[in-house]
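Right, one structure below, let's go through it.
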Amino acid sequence: MLGGSQSSSALGLVVADAVGAGSRARTSAIVIPMADRTFAKFSFFKVDPAWRRRDPELRAADKQEFLAACEDYAVDRSLRAYSTIGTRGDVDLVLLTQSPNLDDIHTFHVVLGQSGLAKWASTPYSFLSMTKRSPYSAEDARPEICTSERKYLFLYPMVKQRRWYGLAPEERGRIMKSHIEVGRRYPEITINTTYSYGIDDQEFVVGFEGDDPGEFLDLVNELRPTESSEYTELETPIFTCVSMSVAKALDALDGTPSAVGTGAPALG
Amino acid sequence: MLGGSQSSSALGLVVADAVGAGSRARTSAIVIPMADRTFAKFSFFKVDPAWRRRDPELRAADKQEFLAACEDYAVDRSLRAYSTIGTRGDVDLVLLTQSPNLDDIHTFHVVLGQSGLAKWASTPYSFLSMTKRSPYSAEDARPEICTSERKYLFLYPMVKQRRWYGLAPEERGRIMKSHIEVGRRYPEITINTTYSYGIDDQEFVVGFEGDDPGEFLDLVNELRPTESSEYTELETPIFTCVSMSVAKALDALDGTPSAVGTGAPALG
Amino acid sequence: MLGGSQSSSALGLVVADAVGAGSRARTSAIVIPMADRTFAKFSFFKVDPAWRRRDPELRAADKQEFLAACEDYAVDRSLRAYSTIGTRGDVDLVLLTQSPNLDDIHTFHVVLGQSGLAKWASTPYSFLSMTKRSPYSAEDARPEICTSERKYLFLYPMVKQRRWYGLAPEERGRIMKSHIEVGRRYPEITINTTYSYGIDDQEFVVGFEGDDPGEFLDLVNELRPTESSEYTELETPIFTCVSMSVAKALDALDGTPSAVGTGAPALG
Amino acid sequence: MLGGSQSSSALGLVVADAVGAGSRARTSAIVIPMADRTFAKFSFFKVDPAWRRRDPELRAADKQEFLAACEDYAVDRSLRAYSTIGTRGDVDLVLLTQSPNLDDIHTFHVVLGQSGLAKWASTPYSFLSMTKRSPYSAEDARPEICTSERKYLFLYPMVKQRRWYGLAPEERGRIMKSHIEVGRRYPEITINTTYSYGIDDQEFVVGFEGDDPGEFLDLVNELRPTESSEYTELETPIFTCVSMSVAKALDALDGTPSAVGTGAPALG
Amino acid sequence: MLGGSQSSSALGLVVADAVGAGSRARTSAIVIPMADRTFAKFSFFKVDPAWRRRDPELRAADKQEFLAACEDYAVDRSLRAYSTIGTRGDVDLVLLTQSPNLDDIHTFHVVLGQSGLAKWASTPYSFLSMTKRSPYSAEDARPEICTSERKYLFLYPMVKQRRWYGLAPEERGRIMKSHIEVGRRYPEITINTTYSYGIDDQEFVVGFEGDDPGEFLDLVNELRPTESSEYTELETPIFTCVSMSVAKALDALDGTPSAVGTGAPALG
């Protein structure tokens, strides 16, 4: 499903760590079944300026191949696209692909790599992450993220300072509580936190969905004085991503509609 | 409007943070209407040396397309251009585009990307920011920045140390006051601060407009011993930008006037 | 042997340092014979997007030459291949070559450099390391690492903070003990630690083999609150590597099977 | 004037900051007239290896155009050239241009950008700075720097730790005094300090002129234990620049004399 | 002389600083004559993958020109070559050139730059340094370094923390003593320390020569708990360099012998 309307509640903001991990009565290799956990892969593309010098028909074909790979994946799995043209200088296009199966994501990127556009693009960033049950919430791990219809996704990798993990679980819970309370005042902003411990460079990938960048800017400003903010080690780069169909995000690359792209409602 | 003469007062210098954010009586999703807030997008271009090896007519056409996109945008929105040739090695040209609507800025960069020059340029830096009411001033958010006719813009991204946000609001106000007082001694220098919390890597984009780089250098030197300076985490890279029309900034790229550029008074 | 079935026990997790080094009664140049120590060289390849634009037959030949070099090496030495397509943006293919003789590894890379594929690839990362007896275990240095049949290898370089080495050996032993205990709860995950002191930038290369990325993510999360975690200086970049034969890893580069690759059971 | 013989005394070493800035009785926009202040622009060029593959006649023409731009500038302004071939890997050629007028420097770089050589070169570093009256000396700001006939220029950007600026002016004066005394023992080494506060990334550009790199190495070694050294935040990269005429520095790029270069005594 | 057999004793390990510099009775510009001091220049080359796509005859000619420049230099000066193929990903070939005269080294690199190979190579690293009398030894400055016949050179730049230089000379001497004692237990490993204060980015270039990487790894591991290790600011990147003749190091680049290289015993 691409850009489905399934809503996600703004239960918490950055839900970081391992509260209770030490006290969990785990003695051997019993892995908690988590059928609902999903991989969330953020792929960032920057198009070679030389690609823009190609003939329009070649560019249209290049985009069409890229689009076809996306459409194929999205038949029964989640794929979202975002443009960062005008908001970032180092990235043009962001894809978010989700699956409970990492092989799916590997295979999709193999296929995508054969498309014409991928032959003229680099991937300056890449975030691999998974959903996971939050220690600050009673909810299960989310089976899918970024399902809202908001116009923007504000996306960044996050690493907590190591001293954060040395705090007692109750202390971490207390600190997160005031953090979460600030977020509750902004119900129009939806949070999507996924986890990358040990599978990618960051600890979390944090994505906020909203319609008003100014509102989100104010929220982040309000969070600065909260105690949890002092435990942040890294939270850049920050990507302001404009949500749109794959076809539109591709057309934004060279300003011209691809042959079939704009007429593909299934992808937007 | 490009390079209009609307003056802006030098009320404060770096006006950083969220004083009073915690005490603001805000209980739910009530967003303060801020019709006047504007997005300010700084786009930095570095031309591929290979572009300079193209035929003069091709270069002229490349520049003309870039100029046309700028002129079109500037019909009813603010666009400023600056050259950094001779002041930086990693950037040649800076565009500042403003709009209360982020879609405008996205669309402009889509169009710009189709111009010949963009096909031979990289964008080593990019700052997305918004205006915002300063916690140290009674003024509203500015609807437009960088409106002076000064010759230079001294531009840099800024991040405050996190401990700054842990200070009490009155303490932050006290510290900013002496900072602002130094700035008041330099009335010929105009400050333009915009905010990037959560929408780009930096927290602020700070731009000083002035006619005399030596005077600005002395101001910054005087600010070093002020208390607020100790809370700076990052304030580089610093760009000394020479203000000029888009046409002139383009002609500085290869030292030759484009076909129509120099005769376009509306752009500069 | 390529991808042999020799199992390796999960004795410890990150086994870092020099416990007892100071107290070892070593007075002159007596080098402990360590015939079993092996070099482990991790080579990371990123294919130039331009390679994907080459004709299919040329690409097949390029891959075939690369494969032949690997097959030749693997006749009597250990060589493993991994794909990072879909998990990383900066790397496509990882080779792990092992030998007790560094000349072997040098010569292999000379030969590999002549293959068609190497002429279109860069090597953004490279880790040279050796096995070594762990100060926290009674076992000898392992003669070979990464011998499991697990689906994934989670790989990263590690550097400890210098203050770690200032602790007394017993203190380091005590801290590592609780670290190791967490690892014991995950018997399905196998650890492979090699050492790079003085021969490459990192101090250790740590590789975890497992079938379930979610399980490994949970393990790393559980390790965050352990005391040993506070002594980590660096443990990125982290590579989630999909284990497969060389032929399959090569075919993942352009999505097409090479002429002989897929039929080469000896390689994986 | 290029490489004139005007001597400059070795009054002090690194003369860093704003002693007395706070106490200066300055109440409004009164700018101290400093007709003698000059801009000093250091431009660093790295030639594309592909340029060395061009035909000798084309290379000679490329260099000749670059040389002509320099000669034109140097008719009535200061321009110095240095080669870093054999001393650095990331830079081949350094130009120092000076003028009391920043427009001069902008225009010169526009012209230089049109030369053949600039079409095959990148500019990995760039330092913009100004002369300024030192707080530790009674002398006026120098109207020109790097005027000696010494064989080498040892050049680096410098940033002081912020806590330096929090010291009382007398304390800073005391610390600088012992620093300066070490420098006085090396009268054959001439110091040239310029300032970049707010106009470029560094705070200072420091250039030492001398004939004996070993002597300078010993001086820097002697300075390490001085108190002022503890306040250094950054002082790399360090460039050992070989002083020579523009023509010779150009000829060092490809080892062949350009048509007219070597016979141009006015340039070196 | 290339790879001469002159032995160098393993007197000390990293001999860092300026003990006694403050107390040296030096009142004016009296420079201690040091005729024996030599410049040691480490140049690191990475070959463009495109070079490997050139015709074999062209590659042979490219290498031959490079070799000829080296042979010419080595007639009466020291030149050593090392291959890093298989040990590093960012460097292929390292040259160490020595001379008491920096002009020699500049001129050699001008000539080398004209060789075919240099037209297809980049220089990702470069270390300029000099020999110097050690404050921890009674020996004079060495007139030449890296003169052993060992198989490997372990090479890295080093910077000490500034607080090191604030210690009293006796204290530094005491700390270095236990450091040196560890080194004495490894008489098969030879140390070569040169100095870069003020002439390049690092403070030292440290090179250990040995036949057994595992032995060196153990030595570095043993040094970690020594007190001196706590004062290290930087000691990466670390290069494991395989010592060989220039001709062999060149042939390792493309796996094919150059026309005359292998038969040149004078070079290796």
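Note that the chains take the letters A, B, C, D and E in the order they are written out, and that residue 1 is the start of every chain.
Keep in mind that, in the parts below, a contact is a pair of C-beta atoms (placed from the backbone, for glycine too) under 8 Å apart; a residue touches a chain by one contact, two chains touch by 3 or more.
Note that this is a predicted model, so its numbers are computed, not measured.
Engineer: Take chain C away without moving anything else; what clusters of touching chains remain?
Structural biologist: one piece
Engineer: Give me the superposition rotation angle from chain D to chain E, based on Cα atoms, as a multiple of 5 degrees.
Structural biologist: 70
Engineer: Between chain A and chain D, tell me the centre distance in angstrom, where each centre is the average of that chain's C-alpha atoms.
Structural biologist: Centre-to-centre distance between chain A and chain D: 46 Å.
Engineer: What whole-Å value do you get for the distance between chain C and chain E if each is reduced to the mean of its CA atoms?
Structural biologist: 29
Engineer: When you check chain E against every other chain, which residues touch at least two of them?
Structural biologist: Within chain E, no residue contacts more than one other chain.
Engineer: Among line, ring, star, complete and other, which best matches the way these chains touch?
Structural biologist: Ring.
Engineer: What order results when the ring of chains is traversed from chain D, passing next through chain E?
Structural biologist: D, E, C, A, B
Engineer: Using the touch definition up top, name the residues of chain B that touch chain D in the complex.
Structural biologist: Residues 49-50, 52-53, 83, 85-90, 152, 154, 185-188, 208, 212-222, 224-225, 229-230, 232, 236-238, 240, 242, 252-256.
Engineer: What residues on chain B touch chain A, complex-wise?
Structural biologist: 17-18, 21-22, 26-29, 31, 34, 37, 39, 41, 43-44, 48, 102-103, 105-111, 113-114, 118-126, 128, 130, 132, 162-163, 165-166, 195-201
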